[in-house]
Amino acid sequence: MSRADTELPGREEGLQLLRGMQRIRRFEDRAAELYSAMKIRGFLHLYNGQEAVAVGVLQALHEDDAVVATYREHGHALAAGLPMGEVMAELYGREQGSSGGRGGSMHIFDAEHRFYGGQAIVAGGLPLAVGLALADQMQHRPRVTACFFGEGAAAEGEFHEALNLAALWTLPVLFVCENNLYAMGTALGRSQAETDIHARAGGYGIESTALDGMDVVAVAAAARAAVTGIREDGKPRFLECHTYRFRAHSMFDAQLYRPREEIEAWKKRCPIMGLRQRLLAAELATEADFAALEQDIEAEVEAAVAFAEAGSWEPVEQLASHVMTEREA
Amino acid sequence: MADFLMPSLGADMDEGTLVQWEVAPGDTVRRGQVVAVVETAKGAIDVEIFRDGVVEELLVEPGTTVPVGQPIARLRECGEAEPTPGPAPAPATATAEPDTARVRASPAARRQAEALGIDLEALAGSGPDGAITLEDVGRAGSARESMAEAVAPAPAKPAAPGRPVDIRGAIAAAMSRAKREIPHYYLGHWVDLSPANEWLADWNASHPVAERLLPAVLMLRAVALAAARFPDFNGFWRDGKFVAGDGVHVGTAISLRRGGLVAPALKNADRHSLPELMDAFRDLVGRARAGRLTGSELLGGTITVSSLGEQGVEEVYPVIYPPQVAIVGFGTPVERPWVVGGRIEPRWLVRATLAADHRVSDGRRGALFLEAVTGLLQEPETL
Amino acid sequence: MSAARTTYREAVRAAIRAALLDDERVFLMGEDVGSYGGCFGVSKGLLEEFGPERIRDTPLSESGFTGAGIGAALGGMRPIVEIMTVNFSLLALDQIVNSAATIRHMSDGQFSVPLVIRMATGAGRQLAAQHSHSLESFYAHVPGIRVVAPATLEDARGMLPAALADPDPVVIFEHTSLYNLEGELAEDAGAVDLDRAAIRRPGRDVTLVTHGGSLAKTLAAAATLAEEGIEAEVIDLRSLRPLDDATIIASVSRTRRAVMVDEGWRTMSLAAELVTRIVEQAFYELDAPLARVCTAEVPIPYPAHLEQAALPSADKIVAAARRLTGG
């Protein structure tokens, strides 16, 4: 499978996909900077390099579909339509953040966008996605739940339990494995006997596809096909997107586990640069279009930072609120 | 390092026999703690220590008779280095000794004791592991505070079996001295007990068993109040002159089951209410019979009451307990015809007697004193 | 009000059945809840009445189906997840602790998880060391979930509907020794409160605090103590999280003595938590040290005599209470 296999969409959609990825990239770079400036603390897992997956998959979903993501989910949140300022404010821990500042980088939630986190236990989100889909099925709602996870999750029991349940009960889940080759610092080949993750899904009778996760056009096409299939027969689908994170696992990571040359080689396959080149080559867009886009995004990111900066801290008095639902006395 | 000496528990104590040690070398001891039981001519007495420290060495084996003033143990001060050769001792700050002498009492008992101003160290515990419970504190009442000053804890365990007590010898010595040295004079007076009995019946009907009063306590209280008003009956004859007591500490003669008599003191009996006195009296009787009185209790009386209770004898001519100067006796109450307002009525009477030291007082003062005692008993509500 | 003879098992079943009839969002999910009729026979007959959609047999995937229950609750359903025993629930601990308990707080109240998890707990049936433990304290430790332990027919019938009505995750512990408990239950019995402990026997000399399967032993101990003149007050916690401090503290402040009876192991136990709270809130009311009667710190052994030796018993409770009351 190569880029040439996927048909380039028109200018409008092409620029839309580019904008989606570029927003994430710029957001993440700015977040890294703010982390270094100690504006953001805790763990910060950046999505650079993997933008095509979130953007490609989520453009295929409808508004009332659900998303369950991982702790590397800023990209998914932005692609799912969460306001950038609220996402940045969440990274800051401000009460104006998506989760009121309580979750931080790893736990972005948004009820309006049916964005169910921000799940930081590897594979922990898969059973939740199965349950959300079960609820839809039992209530006869034609909705899809997209569930993102890394290849490391495939080693967890919950991965297998969830795939089995989804297949057994014919649940409308789109499983999206973002195979970036490393579970933190452990290479896939060093930790899993079967490195072909999508073959595992096949073992549960789930229709699965492996594809180039650096090609947003390919991802978008595959996702559309999968979602269409799910809506037709209600059965789960599984996408394995081969991708790569350009940055470290989290900010405090010396990357001793992978050679610099490998990183450089993957960077040559940057999904943003790739799409730009193809748009230019097909004369669907110009450098001036890109410059205008970048300028727009720069302004949006800076506005998001300003929003986060201007945000407030949740009063300590509210520490225990929402542990349980507040009841009337 | 300090020596712990065989204490002098009374002017007439020359020597004592160590019955048992309550501490062992290495134990931390606190001021007021009972460290040994010593048999004296007056009976076995819990001996308390008057300084904090750590027991370094016990110098005397149980069974040994030792003259007063001889060292019987060596004591190291808290924090003082052990005198053993070897590496330099750790700094004193690093060896805070645990407060092992702390009385075992429940939190509720502690709070109640604090509220009532009761010294827990004077109480015997009935709770788990001999801990003092709320009930124990309630029983003791606030009277225990001053009565138990400098009194060491009285553990709930029974007296050591086979502990020899030469009570008879002690009585012999004291009474011989009394009759040899004290010029007694005697007065007697009938007291109509009817008002007191009626008052007591009312009280006891309206209070639970634990708070009921005995007639003996009314008598103790009456003597205490009278002694406070007549200080020349309250104190000691010492070195050829009268020394007034530092408070009214009423010794109460208690007969022991195995024979003999002791007269431990209810301290400051004039300053405590009847229920408080009752509690203290009950506690004292219990411990006297268990052989667990402390020296200051045995020797602290400033005047004594001898009450014959139900023994059936109408009158007692008591012998003063030296170096005290007076003793009041009460016979067994009897029902007798009695003239009241010109009519003969059956009445409960008790014969009150006074034996006093003629070196200190004379019959006229004695009559006023005894009159005061009997007058108080006529008006029990004032007690 | 008419009452009928029933068992604890039937009372739980009646509660599930009523919930299924009342609310179409309710469904039961777990291992062997359908065709088998439930590991302890609780759901017997429900599959026939409600069908496999709502009486949903699951694979042996505790984490998977518990997580699915959480997801379904997030998606608007009212799932009842049955986990065979608390020992097996450890496989689902991740979902219960990391997901169910956290999502509401972590999402700043945007999502709550109206999930009910039922599981059997406790020893006494010679099921040895992997089917017999009482791990209620594991769950009672966790903020974000409620933990209850029905010990009576009324609570077996009434706690489930109350839990389903609760917007937050509720874990219900059913002690295996209780399923055959028989008695009268009012025919119109329904939801009960989940908040308050209950005084099952009043007394003034010592408080015995217990829950679940230990209630019967504790009441038996109280009866023995009464013959000796010691009037024990027996508190059934009912709710293990949150704990009803008010009832416990009020009782201990009256009796001034307390024994915790807890089938969990002593170390880091529910009993330990109770002791701590009493000391924190009623230290100066106490007239004796607090005591605990817990399970011996061993994995529960198979032979009956060893199992019984390990567990709290009426005799052990009597001995502990006697000691505190100076008997």
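Letters A, B and C mark the chains as written, and numbering starts fresh at 1 in each.
Here is the rule we go by: contacts are C-beta pairs under 8 Å (C-beta built on N, C-alpha and C of every residue); 3 or more make two chains touch, one makes a residue touch a chain.
These figures come from a predicted structure and were not determined experimentally.
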Query: Greatest Cα-centroid separation from subunit A: which chain?
result: B
Field: B-C against A-C, pair bridged by the larger set of C-beta contacts
entry: A-C
Query: Distance from the CA centroid of subunit A to that of subunit B, rounded to the nearest Å?
result: 87
- prompt: Could you state the distance in Å from the CA-based centre of subunit B to that of subunit C?
  reply: 57
- prompt: How big is the gap, in whole Å, between where the Cα atoms of subunit A centre and where those of subunit C centre?
  reply: 40
- line: Per the touch rule above, subunit C residues touching subunit B in the complex are 256, 283-289, 323-324, 326
- line: The answer for subunit C against subunit A in the complex is residues 25, 27, 53, 58-59, 61, 63-77, 79, 91, 94-95, 98-99, 103-112, 143-144, 146, 166-168
- line: Within their complex, subunit B touches subunit C through residues 106-111, 126-128, 131, 133-135
Task: Report the residues of subunit A in contact with subunit C in the complex, numbered from low to high.
output: 66, 95, 99-103, 107, 109-111, 116-119, 121, 124, 126-136, 138-139, 157-158, 161-162, 164-165, 168, 321-325
